[in-house]
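Heads up, the thing below is written out as structure tokens.
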Amino acid sequence: MDLLQLGRDTLAKQPFSQLVGAQLTRFDPEGTELRIPIRDALKQQNGFVHGGVVSYAADNALTYAGGAVLGTNVVTSEYKINYVRPAIGQELVARASAVHAGKSQAVVQCELYVIDEGKETLCAIAQGTIARLAAAASAE
Amino acid sequence: MDLLQLGRDTLAKQPFSQLVGAQLTRFDPEGTELRIPIRDALKQQNGFVHGGVVSYAADNALTYAGGAVLGTNVVTSEYKINYVRPAIGQELVARASAVHAGKSQAVVQCELYVIDEGKETLCAIAQGTIARLAAAASAE
Amino acid sequence: MDLLQLGRDTLAKQPFSQLVGAQLTRFDPEGTELRIPIRDALKQQNGFVHGGVVSYAADNALTYAGGAVLGTNVVTSEYKINYVRPAIGQELVARASAVHAGKSQAVVQCELYVIDEGKETLCAIAQGTIARLAAAASAE
Amino acid sequence: MDLLQLGRDTLAKQPFSQLVGAQLTRFDPEGTELRIPIRDALKQQNGFVHGGVVSYAADNALTYAGGAVLGTNVVTSEYKINYVRPAIGQELVARASAVHAGKSQAVVQCELYVIDEGKETLCAIAQGTIARLAAAASAE
């Protein structure tokens, strides 16, 4: 089966991803791309995309990037995110990939961009650990 | 004006916080508490609360905790989250407070609990930096 | 055998810990304490303790705190540190403990203090993940 | 004056960097490289480079990378490191650069490699925030 289709099927089964409106546009061992059309419901009081939405995108893109290399059911153990600019625009794009994959976990990175009138600008970066479920003590 | 009411007014102006259904139940310099009733729309494919919701709660509680001590318009510069258990239950509770507050930024911590049939269990911890908007180079 | 003595024996076998001059003053499942007498060789150009020394103390205290609860050979998977004040004084103290311990990993926290003329002041906080060696994919 | 020479002069004034034996081999707005010849004194009990040394290298390379773009006296506010492999070899190399620079702070990334018999292998990655001293509330 197509890996991208498999990823999309999983995303379709995540009610919160549906609530946010996330779309999986790439999913292979070299990289994952998640896109979120920006609408008012995703904003905070100043009209920027809420940090929680950017976090959701980082968290989910990192998890997918880990799953693409660990080839199994995974969970996010932890991650860290640095916001560099307010996200203002029409679409949020998260691109993640694995920096290293071991037997039970992968170390992953993610860059988050906002697209405003066709121009893509970095708005956050993230780095974290994705664990295989069997090895995930924290999810037992 | 009441600080808690002020915080609730801000939360009411965050469309994404309304979409998630977050409630501010404490907001003072000693601590912030954010509560989210768990409903199906906030879950992932296994029936747990989606990591993105836990992240949203951490991000927002940390921001409020920083705002309570910096006394001004603030943004989250960065944070890190470790998930320790799947969030399964009826309510998610984020409790955050400042560990240190300087002139332009505060270092904050957050504990996230899930309440299942009245029993509160730790599901994640977070740590981050909240910056005053004037000093927030990353948000200029 | 005494757990503290066991920890001290391990520390004595770490040449870098000897170079830094670290001492283990507590080591049990409830907490770990590492103390470092401050000398000129541990400073940076402004006379503060070098951030690398504070990082070393956090890294090692977190690892010990994980080992105390995982009861086995462990490695530090990752951690994050926020510096809150320059470390100026006669002694650096790192206190760490586990927030959660699973089968293969533990989530740990650490507070770092500097003691100046008998007064203890917080200079940094850290949070991370310690993994059992068997489960440590990243150390295979 | 030569920027690299300026950086080397600062490193020479850091007693701890001298104790560790760090050398600055690149220092410009596009990137910083710090190299540490591995000797027994930098190891832990299993013969790997101690995590505290890898942390020191990350912390210092990140600080330099921030300083190269902020063009001023800086401090490390915070950073996060993921270890991906034990560092075994003859030399540790930290390469850092700024992902974003604002008025008061920069967001920076670092990759850490170990060189063993001429072969370079990734052993850790780090991500953090460097602040200008004037804006560094946490260092006031």
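In this document, chain identifiers A, B, C and D correspond to the written order of the chains, with residue numbering beginning at 1 in each.
By definition in this document, a residue touches a chain if its C-beta (ideal position, glycine included) is under 8 Å from a C-beta of that chain, and two chains touch if they have at least 3 such contacts.
What you see is a predicted model, and the numbers here were worked out from it, not measured in a lab.
Chemist: Work out the mean Cα position per chain and let me know which chain is farthest from chain A.
Modeler: Result for the farthest chain: C.
Chemist: Any chance you could check whether B-C or C-D wins on number of contacting C-beta pairs?
Modeler: Contact tally favours C-D.
Chemist: From the mean C-alpha coordinate of chain C to that of chain D, what's the distance rounded to whole Å?
Modeler: For chain C versus chain D, the centre distance works out to 20 Å.
Chemist: What's the distance between the Cα centroids of chain B and chain D, rounded to whole Å?
Modeler: 32
Chemist: Go ahead and note the Å separation of the Cα centroids belonging to chain B and chain C.
Modeler: A distance of 28 Å separates the two centres.
Chemist: Residues touching two or more other chains, restricted to chain A: which are they?
Modeler: 77-78, 80, 82, 84-85, 100, 102, 107, 129, 138-139
Chemist: Pick one for the touching-chains graph, please: line, ring, star, complete, other.
Modeler: Contact map by chain: complete.
Chemist: Could you please specify the touching residues of chain B with respect to chain A in the complex?
Modeler: It comes out as residues 10, 13-20, 40-45, 50-53, 55-60, 63, 75-86, 138-139.
Chemist: Which residues of chain B touch chain C in their complex?
Modeler: 80, 82, 84-85, 99-100, 102, 107, 109, 122, 125, 127-129
Chemist: Spell out the residues on chain C that touch chain A in their complex, using ranges where they run on.
Modeler: Its residues touching chain A are 77-78, 80, 100-107, 129, 131, 135-140.
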